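Two complexes come next, and they have one chain in common, chain A, joined by chain B in the first and chain C in the second.
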Partner chain A sequence: MKDMLKVYRIFCNRIYSIVVLVLFPALAIGIYTMLTGRLAEWSLFIIAIYMMVLGVFGDFFCYNGINSKDFQFGLFRNTLNGRKNLKLAIVTDQIRRLLQISFVLLICGAITLSSNSTLNKCEIVLLTLILIAFVYGANSIIISLLRFITEYTIYMGTAFILVSIFGAAVSVLILYRYEYMTINLWAWLIVFIVLDVIGSFLAVKMPLRNFDRSFKEREV
Partner chain B sequence: METQAVISCINIEKKYKNFKLKVDKVDFPKGFATALIGENGAGKTTLLELIAGLRLDHEGEISYFGKYSEKDREEDPVVKNSIGYTGTGNYFMPGWNLKQTKEVQELLFDGFDGDKYDEILKELAFSADNKTDANKKVNSLSDGNKTKLMLAGVLSRNTDLLLMDEPASALDPLMREKLCEIIREYLAEAEGEKSVIFSTHNIADMENVTDYAVIVENGEIAEQGFVEDLKEKYTYVKGDKKDEELGKKYMYDMTTNNYGFEGLCLSDDLDKLAGADIITETPTLTQLSVGIMRANTRLKLA
Partner chain C sequence: MLKDFITAIKLLKYNPKVKSHAVFSGIFFVIGLFYELTGKGDSILGVIYLLCPATTFWQSHYTSCMCGLVQSSQAKKKMQTYYPFLLCIPYLLLVYVIVFVYHFYLAKNGMEGFTYSVNYGIQSKYLFFAGAMLGTLLIYSVVSYKEFVISVIVLVVVELSIIFLGLSESQKLISFFGRHFTQSVAFSIIFVVIGCAGAVIMANLLYKKDIDEIAVKGIARSLNK
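Let's look at the complex of A and B:
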């Protein structure tokens, strides 16, 4: 556990941790509390997008460019412990990501339970779990793609596009639920759990693949 | 001089788009400081990175400490832990602060001594704006201070071999002298069991610490040997303009000006210049290196 925290801090410094782990989640819960009275479970979708944006934009300040061929792993390549610690750092970050999203959305979900929602309690809980799975999976896939980009403006522009695409996917969920009443929430949960597995795999595998590749050159 | 080899490279070949490193055989002697000398793009950094295990795809074999192979280097922590490497480029992540550089090295390297790290930084007069600041970011440091950080890092571990790529290039003259002192102290620590291999352009500054020279040109080893032996093998010759044609025939390398010529001659060929009006002297390492590089270079010189 101590090693996990140490290695996590290699990439995610104190300021990042304070802003991303404390400040923004507190802000999210505060905003949600204000919104939920008027919007009920709709606010969950808003906070889900907010958490997605936070995760995606925040990652630039930690793992910026770690999948790109120009990323220099420096010290990590000089020791046999380098790959192991790199993997530990990324896995710890993924665990942190899931816990953070779960924490915020579960609190928001709990607040929704006491709101004037049209959903019953079971549906609210299921919807919360679906959004946790969705946000985590979407985040993991988006950052796996964005980690190829090192340039700030290009990163932010691409991040907006990708978040919009995934945000649109959530809109489909809303459309089916409220317009056609045909959605099976359990089916969506399973779909997003599969998304989580894919996202986690990509988020961990791609930096390690890049690390292994950094020892080889393209030859002619 | 018969010595053991700390690193042996045999039939090394590594190809790039417009360049090929080809080393038939080079043995870096144990217990000595070896300078890897060559012009830009000669292949010094590539060779050092192959030895350090930072580039894995190449042909040929490299052996370590007389008994370990490259496979051992990648599998047995004893081998890689015994090697300290400092290079150019981003060794530390630019966003790390000074405290993190120490924490990371404690995590990544077995046997890293944090207290010794702090001590060495003090000894190197490491400063950021004349005061040590644990929160100062690596990317805000000068190149000289970054070099000092790297040096402090490798010297805080228990290594048997230091591989240093251009360690002196970012350092001021006083600090280069300090670097030479550090290398001498490192070699003296374990009575001939420790070795240093460094690449350099600052031949003059590193000459007084160099025991063995490997001169790389066009991706090949142009010359190698103990400096004292090379100084016996070659003689620095200065001659008059009238003997220039004779010089061109027998000199290994020479330059001419309005007054005459000068350059390297193989000591065995000196008698062929007997009739000429020449002055001979023992070459410095700089003269040796420049002469040998010039004789083998692709660079178009006047």
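Let's look at the complex of A and C:
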């Protein structure tokens, strides 16, 4: 545990941790308390997109460029435990991401449960779980792609497109569920769990692959 | 002037990520065009993506400034205060004129599904916010390389309000802009002029300041061999 935090803090400095781990999630819960009751299920969806944007743009400040072929791993390459530590740092980041998203969305779900919502309680719990699975999976896939980009203008432009594509996907899901009643939420929970597994695999595997590649001679 | 323009284009070649800049500039331009042609005044996002290639010109020149050779050369000041503007401002003005003419045409000829007055209001609102967006992004592009975090916070607050107002379908807002078409066009042009002048002034004021580490962190890491 101590090692995990130590390695994680190599990439994520104090200001980043305070802003991304404390300030913005607190702001999200604050926004949610204002929204809840007015927008019903859409308010949970807005917070889900908010967490996705936070995860994507927050990643720029810590792991930016880690998948790009020119990335220099510095001292990680000079130690015997370099690969292990890099893996630990990324896995810790993924665990942090899952816990953060779960924490914020579960609190938001609990607020909806305690309010006079039109949805039944089982439905709210299921919707919260689906959104947690979706946000984590989408976030992991988006950042795995964006970690190839080192220039921030291009990063921002591409991030907007990817976030809007995934956001549109989940909004269509919610629209079909609550406007036309044609979607089975349990099936989608399974689909999103598969998305989580793929996302986690990509997020962890790609930097390690890049790390291994950094020892090889570059083709001219 | 023409000689400097050619030099500015030649210097683009020497930046470390020229290929990805070129590819993504093209992609963003196409996305911007797509939003612009399909949205027809509904969405302000078209303008943002049409402006993205200009910010990549900026990025190209500013990342070249990390090189020691440029730092010690006489062209150091020009690399930040002159050459990027030679490419960006003509490009942005060209984009702005095209957007302006297109929406002016839509305002005069009307759109299917909208009454004449509502369409007039939508186009008027679009032109106003497009000018505001362009002006803000121009100044932000310069300041972000020197004060990244502060400029991003300011940009997020300003841009989000512009985007939300630009996307708003409030009848009050649309009828207000419909009544003041001439004023909104005039303000749009004023915003663009302020943006261009502000960007040049900020570049001259801030060029002695070091480039912010966070803005070029990814590139710096990948070049630090």
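Convention: the second predicted complex is superposed on the first by the 216 of 220 C-alpha atoms of A that agree within 3 Å, B and C clash if a C-alpha of one lies under 4 Å from a C-alpha of the other, contacts with A are read in each partner's own complex, and residues count from 1 in each chain.
The working rule: a contact is a pair of C-beta atoms (placed from the backbone, for glycine too) under 8 Å apart; a residue touches a chain by one contact, two chains touch by 3 or more.
Here the structure is a predicted model, which means the values were calculated and not measured.
Within the superposed three-chain model, A:Thr158 lies in touch with chain C and out of touch with chain B [touch as defined at top].
Using the contact criterion defined above for the overlaid structures, shared-chain residue A:Ile10 touches chain B, although it does not reach chain C. By the touch criterion defined above, A:Gln72 reaches both chain B and chain C. Counting the residues of chain A that each partner touches, chain B and chain C differ, and the larger count belongs to B. By the touch criterion stated above, A:Phe215 is placed in contact with chain B alone, chain C being left untouched.
Across the superposed pair, chain B and chain C both touch chain A at residues 61, 72, 74. Within the complex formed with chain C, the chain A residues making contact are 61, 64-65, 68, 70-72, 74, 149-155, 157-158, 160-161. On chain C, the positions that touch chain A within their shared complex are 17, 20-21, 24, 28, 31, 48-49, 52, 55-56, 58-59, 63, 214-215, 217-219, 221-225.
Across the complex, chain B meets chain A through its residues 14-17, 52-57, 74, 77, 80-81, 85, 89-93, 95-97, 100, 103-105, 107-110. Touching chain B in their complex are the following residues of chain A: 3, 6-7, 9-11, 13, 61, 72, 74-82, 85, 215-217, 219-220.
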